[in-house]
Every structure is written in C-alpha cells, then in structure tokens.
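Paired with chain B in one complex and with chain C in the other, chain A is shared by the two complexes that follow.
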Partner chain A sequence: MTDSPPRIDTLQSIELAEGVEIRLRIAGPYVRSFAYAIDLMIQLGIFIGLAMITSVVGIALGQNVGQGVLLLGMFILHWFYQILFEAGKKGASPGKRAMGLRVVDQSGIPISFGQSFLRNMLRGVDALPGFYGIGLFSCFASKKFQRLGDMAANTLVIYERPFTQRVSALPPALEAIAPTMPLEREEQAAILDFKNRAGQWSEARQLELSDHASELTKSEGREGLAKLLAIAKWLNDRK
Partner chain B sequence: MQGREFEMKNASRWAEYELLLNELEAGGRRSKSAAAAKLPKLFRELCSDLAIARYRMYDLALCERLNGLVIRGHKLLYLRPAGAWIKVLQFFVIDFPTIVRSEWRLLIIATLAFLLPGIAILVPALLGNDLSWVQAVLGVEGMRSMDSMYGSADDQIANLREQHGSNFMMFCFYIFNNVGIDFRLYAGGLLAGLGSLFFIVYNGLFFGAAVAYIHLACDKTAFYSFVAGHSAPELVAMVIAGMGGLRLGLGFLNPGRKTRIRSLVESAKASLPLIYGAAAMTFFAAIIEGFWSAQPVEPEIKYAVGVFMWSVTLMYFLVMGRRFHAAR
Partner chain C sequence: MQLDKVQAEIRPRSPWESVDLGCALTRRYLLDIWKMWALLIWPMWALLAYVLSDWPILIIFIVWWLKPIYDRLPLYILSRAMFDARPTAKQVLLAWPKLVIKRLPFSLLMARFSPGRSLNLPVSELEGLKGTDYRHRVALLERNGGEGASMTTFAGLFLEFIVTGALAAGIMFMLPPTVANELWISIGQLFSEADGIPAEIAWFIVVIQMCAITLLEPFYVGSGFALYLNSRTLTEGWDVELAFRRMSERIHGVVNKSKSSIISLIALGFFLMAGWSTNLSAEEEAYPQAKQAVEQVMEGEEFTIHTRKVRVSQESTSNNADSHDLSWLSGFPNLGWLAKLVEIFIWFLVICVVSWIVYLVSKQLGLLANISSGPNKLERKAVASSVMGMDIRPESMSNDPASEALQAWRDGNTHLALSLLYRGSLMQFVTHRNLPVQSGDTERDCLLKVKSQPELVEREVSYFESLTQMWILEAYAQQQTDSEMVRRLCEAWPFAAVEGGRK
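This part shows the complex of A and B:
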C-alpha cells in the first residue's frame, strides 16, 4: 500500500499477492445511507408479506402457530437479513446491490461469514445515539469511510464497478516541447491525463487547470495551455 | 511501445480472459471446472499487463479497464470455500469449550458481574423480609408479570400452555427475545466493554430481584420447576455472550504492542466463537423452555432434569475437547 503523497480521491490502492496494485473505489456514507434505506424498505415489505402469510397460516393451523412463525421471521429478518446477503456470493445486501455497492475484506477479497456477522452485529452500536451518529463520525474520522463495525470486521464498502473515467482528448499539439524541469512519474501522468480529458471541459476550465502548471510552462492563459499540451505531446511521443 | 500498440498486441488475450470471467460469473456449476482451470494463468498475465500499463503510464482509460478486469478475476479466484458440516461439529466438540476455558479470566469477570449484583439484592431482601429494593428494580410491570407467571398454582405459567400451538409460539418468542438479548449484550462490548458489562449487571440485578420477589410473594415451586430445565444453558450462554463482548472491548482498550485497530480486528475475530456458541446454547435453551419447561410434570422430575442439565453443561465446558486440544 502506498502512503506517499496524500490523494484527494476515494481510490484505495491494494497490492495483491500477484504483485500488482488494484484500485478500489470506496463508498461514502451518502450512497450507503441510500442503500440502507432501500434495505429497510425491503425488510418492511418482507415483514408485511410475512404477517399476511402467517395470519392465513394462523387460520389453518391455529393463531399461536402463525404468531410463532412471525416472531421467528422477525428474528431472522432483524439479525440475519444483512449478514446472510453480505456473506453470500454477491457480497451485498439487495439495497447495496441496487446502489452498486459491495462489501469486501481490506485486502479486496470477498468477506467471510464471520466478518459479515461482526460488521452487522455491531451495526446497533454504530446506529447509536440515533441516525447512525457513531457510524457517521467514525466514517469521517477514518481514511477509508469505515464505521466501527467495518473496523472490527476489517471490511470496506466499495463500488462494485470501478469508476470509468470519461475520456475526450483535445487535438494534439503541433509541436513537442521538452519540459524545462525533471518531472515525477505522478506529474507526468497528470499532464497526460489532462490532455486526454481536457476535451470535455469548457475553455475557461481548461485555462483554470492549466494555470496550476504555470511554474512548469512559465506562462499563463492560452499560451500556458498551448505549452502544456506541447509538453504532453513530448511526453506521449517519448513513451 | 505506444498504448495503442500494447492494446492491439494483447487484445485477443484480454478478450479471452473477459469471456472466461463472464462465463464463470454467470455460474452454472457443471461446465465450470475446465474453464476455471484456465483462470489463474490468464489472471496472472492480466496482473502483469496492468503493472506494465501503469509503469509505462498508458492512458487512463486503458489502465482503468485493466484494473477492472483484474478486480473481477481477483474476486472470483479468492472466493471463500463453502463451510462444511465437519467444521460445525468440530466447533462444538473442540473449539467452543476450549476457547471458553482459555478465556477463564473473562469467564470469572462475567460470572461475577452477573452474580454479585444479584446476590447483593437477593440476600438482604430475604434476610430482612424487605421488598423495597426489589420493587424498585422490578417496577410495577415486572411484578405484575411475575404474579401472572408464578403467582400461585392456579395462575402459573403452565396453565397458559393448554392452547393448541402455544408451546411452539413460546419457543419462537424465546428465540426472538433471548438470542436477541445475547446479541445486544455482545455488541455492547464494542463500547470499550462497558455495554456488555452494563447489560450483565442489569440482568444480574433483575434476576436477583425476581428470585427475591418470588420467594416472598409468589409460588416458589411453580418458579423453580419451570426454570430448572433450561436455566443451565440459558444463564451460562448469557455469561458467555458477555465474555464475547468483553473480549471485543478489551481488544480496543488494551492493544498492547499492536495498533488499536489491528488489536480490535484480532480480538473481534477471537470473540466470534464465543457469541456463536452462546447463540447456539440459547437456541437450545429455547427448545427446552418452549417444549419442556411448562409441561405438567411432577416438580421432582423437573428438578432432576435441571440437575442433569447443569451437570451436563458444566462437564461440557470442563472436559470437552481437552484431549484434542492437547494432541494438536
């Protein structure tokens, strides 16, 4: 895991046993709260359905039997709804699936039953003192948007599909200019990314961003943008 | 090599890999093995492609695509194997009692946290024939339900069970209620162990007050013959659930030389068998409580069953799994 320069995106780099890094996109409390709301609705729906079925069963087999089945159903629904779904093959409750989320181990692999049990058993503590106060606080306090249950179970909630960057390159510059100073790998990558994505921004935005590199281009505004694109061409041709 | 060239050179391999992923992700248990055998090799190749693409700084779209492909393969390759029944058996025969024994310090703490408050309220009440503290703990509702369950031989709990299906209903209720209490007791441990401790002490107080109230105001035989059978697994399970919570909280409180989070993760993992076992025991207790405890049987027989259950429970934790553990 690389800790060096602090990133401002929510990508979590994880190094696999195969010696390569994958980048998982971690989901924050906003999207997770929607997933939770969907799950609550589904649970409510199941409960209503179960109540109707058991009342019919109650007529056939006796009121007590129906009531017992309902209690059992409530127990399973309350304690095991999330656990069973998240420990399952998809690694996500229906609400999370609907929002495109999945729960994984910190190392990126699917979670075990034990991890699912822990993170959901401890959900009640995260929900304290109301509206997931502790969980929210812990999400914001941790770098990886983990609530306490996630920390204890060593899990992350990530987006199922990695983020796909929309690409729309500007027409390449006519001439290539070598940068005036040595550039780090990350900096080179940033310049190339800028060239590849600049086409989807307004001109004002392009200029605003290219001005950040004025130290490199030694100029600002349109001239700076042109020079930055020329450097991008130089970097691109060379590789 | 330009990114485009790299992409063209490897496109067919990536396409093959992606087809394989689609096939494996779609499921269908049969045709899998032949396809699955190809996965590791293709996956490793993709990993090295991704590393190369990143190192050469090929454009973002290409890297993202490879990143996505590697993540999908990784997810498939590292699926957890399905649990086997043998594991469940091993858990109850060896692991669970062994772990309870190895956590004997927590066992003592949790037991005392339950018993001492109970005794503290029970003994003075019985000696002084004074119900004021007991009444304060039980409250009006608590006393009323004690009266309705164990008030006298006429309105004791067994009489409510003559209706068809009521045993089953009570069994379900005990699972809903008692296993739920275990789970809450355990989860409270995350608050530095204080939540668990609070629930154990609270239960101990309530338990002591209930016994005192029944001794002074209700039918003792009705109470003891009802609780005899299921008391052993239920009470011991509650204490063990509390142990699990304390283990969780201690990992947070006392990380030793590990980081706090690392320590919490490890102690959480270590606490899992305790709550699994406690939940299973409470489930077992609910079966007894639902289908046996309220049967109209002579109290002497019920007491005998109770003594039997207590000795089985104690023997289970004292002896079970010792040999296997030593052999490892």
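This part shows the complex of A and C:
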C-alpha cells in the first residue's frame, strides 16, 4: 500500500499563511453542466422577455430601434451575465447558486473582477468546436475539473456549503469514561460520529462497528458498545 | 470486500461530490476501461451495424437501448480496481461472457428506465440481489443520494447531447469543404423533404453516437458506483469503521512499541552488567533486578551531578542603573579601550558613507564637471572607446575624416559621410578636449556635454550642434537630408588634422 498512488479524492488543500490547512471541495463536470443548463434556461427566459418588450417598443418607436435594443440586450446578456454575477458578492451565477456552487481563486479567496472577466471571455475558446467540446474535455481531463478559462484565470468552482449528515443519535450513556490513552483528533471525531449516526444502523451493525474499536474499549459485544458510548459522552462533555 | 484496501478517500459526501469522486475514479482507470471497451463493445457494435445495415436509424435506437450491457464492463473494472484488485485484460475477457448474459431481460426491461439507474446498477450486478430483496435494498440506498442519481442521469443525457454535438461540429470543421457542404445540404433536406433521413446523415449520427457513448458512459457508471459507495458509507458507517480500524491499529502499535521498549531496557540492563548471571527468564523476575541494575549504574562516577557555586561581587551590579541584570559581565576584564576603537571605526564608516553620497549628488548635479575636465588621470582612463556602438578611438579613424566624408558624399553615400563626420568630431572632443563622454550616452547627452564645456571653441560647438541635428535626421528619422548641407559640413570641418591617426 505504501508505494500505491494516493487515495483518490476531489479536494484541494491549501495551506494559509497562518499555517492552517483548509480544503476546497472542487465541483466536477456533471454538476457544473447542470448549473450551466440552468443558466442557459434563465438567459433564454430573459431573452424571450426582452424580445417581447422590444417588439412593443418597436411598434412605438420603429422596428429598427426595437431590433437595435434587442441586439444590444443580447450582447450584454451573452457577455456580461456570467461576468457580473461571478464578480459579485456570491461569486456565482444564478445557476451555480442553485447547485450550491461558487467560483473562487485557487487560494480559496473570492475572485476579482479581472478573473471573472478572463474566465468568462474564454468561454469563446471553451465552446469550440461548438457545444462546449473543449471546455467539457478539459473539465473531465484536468485534475481540478477546470476548463481552459478556469486555468487561465486561476479559478476553481467549488461547493459552497459543507455536507451535513443526517443525525440520529443513540441515547447518551449514563456515565462518562475517559479513554485509556490519548486519542487523535480524527479518532475522537469518529467516536462522536459513531454516537451521532448509530441510530440509523441496525444493532448488529452497531456491535460490529464497536468491535472494531475493541483495542480502545478492551471489551467486545454489548459491553464494548456501552463503553464506547461512555467514552463518546466523556468526549462530548469535555468540549 | 476489504474495506482497508479502498483506493479512494472514504468520507460522507453530498451526492454531487460523490459523482465527482466517480469521475476522478474513472479517470484513473480510463485507459483500462477504454482498452477493453474497444476490444469487446466495438466488435459488438460492428456486428450490429452489419446485420442492420439497411436501417441505420434502428441502430441508433438499439445502441442506446443496450447501454446496461456496456455499463457492466466499466463497473466490473472499477469495482475491482477500487479495492486494489485491478483486473488484468485476461480476467476481464474471461468474465465478459458471463457478464453479458447475466439477467439480461431484467436489466434491459425493468431496470432500464429507472432514473437512478447508475446507483441501482451495483446492487443488481455486484450484490446480485433479486426481487423483493433488490427493491428493499434499492429503496434503502436511494435514501442517501437517490435524487443525486436521477439528477446525474439527466445531467448525463445533457452531456451526451453536448458531446454528440461537439463531436459533430468538430468533424464538420475537419471535413473538406465540399464534403461538408454536401452534408449541410442533406441536413437541410431533413426539414424540407418528408421522405425520411438520408442514409449518410444517419450513419454519421450512428458513428458519433457510438463515440459519445464510449467517451461518456464510463464516467456515468463511475459516478453511479461512487454514489453507491457513498450511500453505503452513510447507511453502514464505512468511514467510522475505517477510522476505528486505523485507531485499533495505532493503539495496537503503541502498546506493542511500549512493550518492546521495556524489553529493550531490560536487554540494556543485561548488557551493562555483563557477567551477572542469574536466572532472568520470567519478566516479573527480571523487572526489579533490571531496576536495581539501573540504580547501580546511576550511582557510578559518570552519573554524579557536580555543582559549583560562583560568588559575584555586589559592586558591579550596584553600578548598573538599568533593570537588566548585567552582573555576569563583571567576570570579564575591562574592555573600555575596545569599545572606543569600535566607536572610532563606526564614525569613520559614517564619514565615508556621507562623503560618498555627497560626491554622488554633486556629480549628478554637474558640480564636479570643472574638476573632472582637468587633466585628471582617473578620468582620462575612463574615456569611452565607443559611443552608441560607434568606435571613436583615434586608431580606428583616418587622419582626415573631412576629406574622406567629402569623398563619400561625392559617391552619393550621405549616410557614410555624416557618420564619418560625427564619429570624427566626437573623437576630437573626447581625445583632445577631454570631453567626459560615456559609452551609454546618447547624441543628446553628447551635445549637452559639449555645450557645457566652457573652454571649447565657439566655432566647434556650433558646428557640432548642426552636425548632430543632421546626423539624427539621417540616422533615425530616415529623412532625405539636404545634400548641399552635407557638403558644407564636410568643408567646414573645424578640427585640425591630428597626428596619431590611421593613414
């Protein structure tokens, strides 16, 4: 196992100046194309609305004026819809927001207007040879699921909100027992996780899992489970 | 299944995140998958196309319908590779016949149109569940990520449409214009004439569709497999199991390590008391004796802690006005003379730096121009041998540049004439009038320096000024210079012929 490649994951870890490590959860091609489809629908809706308005304006002011306004609106819609939304506070177009995504710099900070401008101007390249062929290929092939515009502007599309699990905790133990040896952070988290999620597992599965921690509890079966829950209570109380 | 051999990071994920993990997983084993795909699926398609060669539209439809069969291939490879048992080509080939025929009607009819097909695929293929068991299991797994699976299916359809379009557009780009035009015409006929789709268009779509499925289907299957794993992670607590296993391993390792360190301590005790032979087979017996041995060693001369008290006189500390305790300094001899020396040295440095800065500033302001124009040896040494890339050493020039320039002018080469004059006059200024020209100076700098020399002859200065103007026009502005002016410049050469020049 030591010489095998690292475990597959879709995280981008970044070390901040303070020495703190944060992890960005990068979004892949499926969810991004879904978000793009939503954006496309919204743009289409705006376009239809604009066309109706300009046809009315066209009756009043002459057909050429209406057509001119429509063309201008199309231009702005096509080139600035994404730029303005992504450079804004939420860092995401409405479609991306609907999918819980946002665009950030590689270092995790919000993107600047310049980055937004660059990554969206390069949609023209990503859209080649039609139907976003190059962009999709690049998104599938690059390690961080980036299309060419992302690479040029040094941006990532990430999930904004963390995933929250369903909590269905077991009743807490009556007494708290300190673990017999110091536990690492991941191990403490796993024990608390066990307590919080065990309600959705069958009893057999609960026992099976707590048996895996028998090195810590020094006992097996129901006794081990009870002891594990007592340790979980100790960890929980101490916080 | 051996959970500890899993090749991906197992943690609870949102459905979309698991889809992304599936993409990353597929990407790692993509070459394996495509190799086997080309070996197993394409021949199948070729056979299909041959049998149904009269009805290409039907081929499109059947190729699409048979997707569950192809899906089994990437799933077989991925599910094994995921647990560190990457199958060889031979294994896949041997397994393939069984994979194809297994429960064909079920997967092609009942399971074909389930929106969460990608998530359910592993249940029927890997777990081999049937009937009510299958339905219960699917219902359980779809509680975590079922909606993600159906959305993936829709996104997959969208992507397939996109890839098909992109491939078609790409091929259209690559085709020679005449062929592309024919294709466009027949596409146009699609809408104008009602006698069905022309055959060439249909075959074009068949090929593109096959390519699109080859490109995308592995990712769709990988996404479904990752969704399945994530769902099981959530419903069975795989991440907790893995964490517990790692914890147990660690604790086990720590306990073992502490045991072994006790044993090695005992061994050390043996080593130190070589010759001490007692029966120390049992650990309980060994422990107190080892302790005794350690104590005995600790009492030895080497381990005695020596202490020494140093008395410090009170006077020196009372001199010290500030709060820092500098009493330790009193132990040193008086170093006042050294401090004085250092002080002098620092003042010397400061004076040097200040005078250097004053020198630089005054040089910049031209205050030292008078001093440097004198017969200063240092300055003479620094005289440039070339300015603006032009060689102005006297050795490089003829004795009489004016007549040479005139000759060049007669030949019609005004550029050469002007450059000879310019170089010659610069050389005169530099070598005989001690003009402080540097190699980085421009024409303008040279002119300014010439003008700022008070002892230069007025005639020479005005000559150089008009010559510089002509030269700049000729060399940089590329303007047609007044030929008569050039001749006049040649004749008005103000410098005397110099000895030491090249004959």
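Keep this in mind: the second predicted complex is superposed on the first by the 155 of 239 C-alpha atoms of A that agree within 3 Å, B and C clash if a C-alpha of one lies under 4 Å from a C-alpha of the other, contacts with A are read in each partner's own complex, and residues count from 1 in each chain.
Note that a contact is a pair of C-beta atoms (placed from the backbone, for glycine too) under 8 Å apart; a residue touches a chain by one contact, two chains touch by 3 or more.
Treat the numbers as computed from the prediction; the structure is a model and nothing was measured.
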Quiz item: For A:S13, is the partner it touches chain B (first), chain C (second), both, or none of the two (neither)?
Solution: neither
Quiz item: Which holds for A:D193: it touches chain B only (first), chain C only (second), both, or neither?
Solution: both
Quiz item: Where does A:M151 make contact in the superposed view: on chain B (first), on chain C (second), on both, or on neither?
Solution: first
Exercise. Please work out whether A:S55 is in contact with chain B alone, chain C alone, both, or neither, and reply first, second, both or neither.
Key: neither
Practice problem: Considering only touches as defined above, state whether A:S168 meets chain B (first), chain C (second), both or neither. | Solution: neither
Quiz item: Once the shared chain is lined up, is A:H212 touching chain B (first), chain C (second), both, or neither of them?
Solution: second
Quiz item: After superposition on the shared chain, which partner residues are touched by A:Y159: those of chain B (first), chain C (second), both, or neither?
Solution: second
Exercise. Scan A:M74 for contacts with chain B and chain C and give back first, second, both or neither.
Key: first
Quiz item: Both chain B and chain C contact which residues of chain A?
Solution: 163, 165, 189, 193, 197
Quiz prompt | Touch list for chain A against partner chain B, complex | solution = 16, 18-24, 61-65, 67-72, 74-75, 78-79, 89, 108-110, 112-114, 117-118, 121-125, 148-149, 151-154, 161-165, 167, 185, 188-189, 192-193, 196-197, 239
Quiz prompt | Touching residues (chain side chain A, partner chain C) in the complex | solution = 1, 4-5, 7-11, 25-31, 33-34, 37, 99-100, 129-133, 136, 140-141, 145, 159, 163, 165-166, 181, 183-184, 186-187, 189-190, 193-194, 197-198, 200-201, 205, 208-210, 212-216
Quiz prompt | Complex contact set, residues of chain B against chain A | solution = 2, 43-44, 47-48, 50-51, 54, 56-57, 59-61, 64-65, 67-68, 70-71, 74-75, 78-80, 83, 163-166, 168-173, 175-176, 179-180, 183-184, 186-188, 190-191, 195, 248, 261, 264-265, 268-269, 272, 275
Quiz item: For chain C, which residues count as touching chain A in their complex?
Solution: 5-9, 12-14, 16-17, 19-21, 23-25, 27-28, 84, 144, 151-152, 154-156, 158-159, 161-170, 172-173, 219, 223, 234-237, 239-241, 243-248, 250-252, 254-255
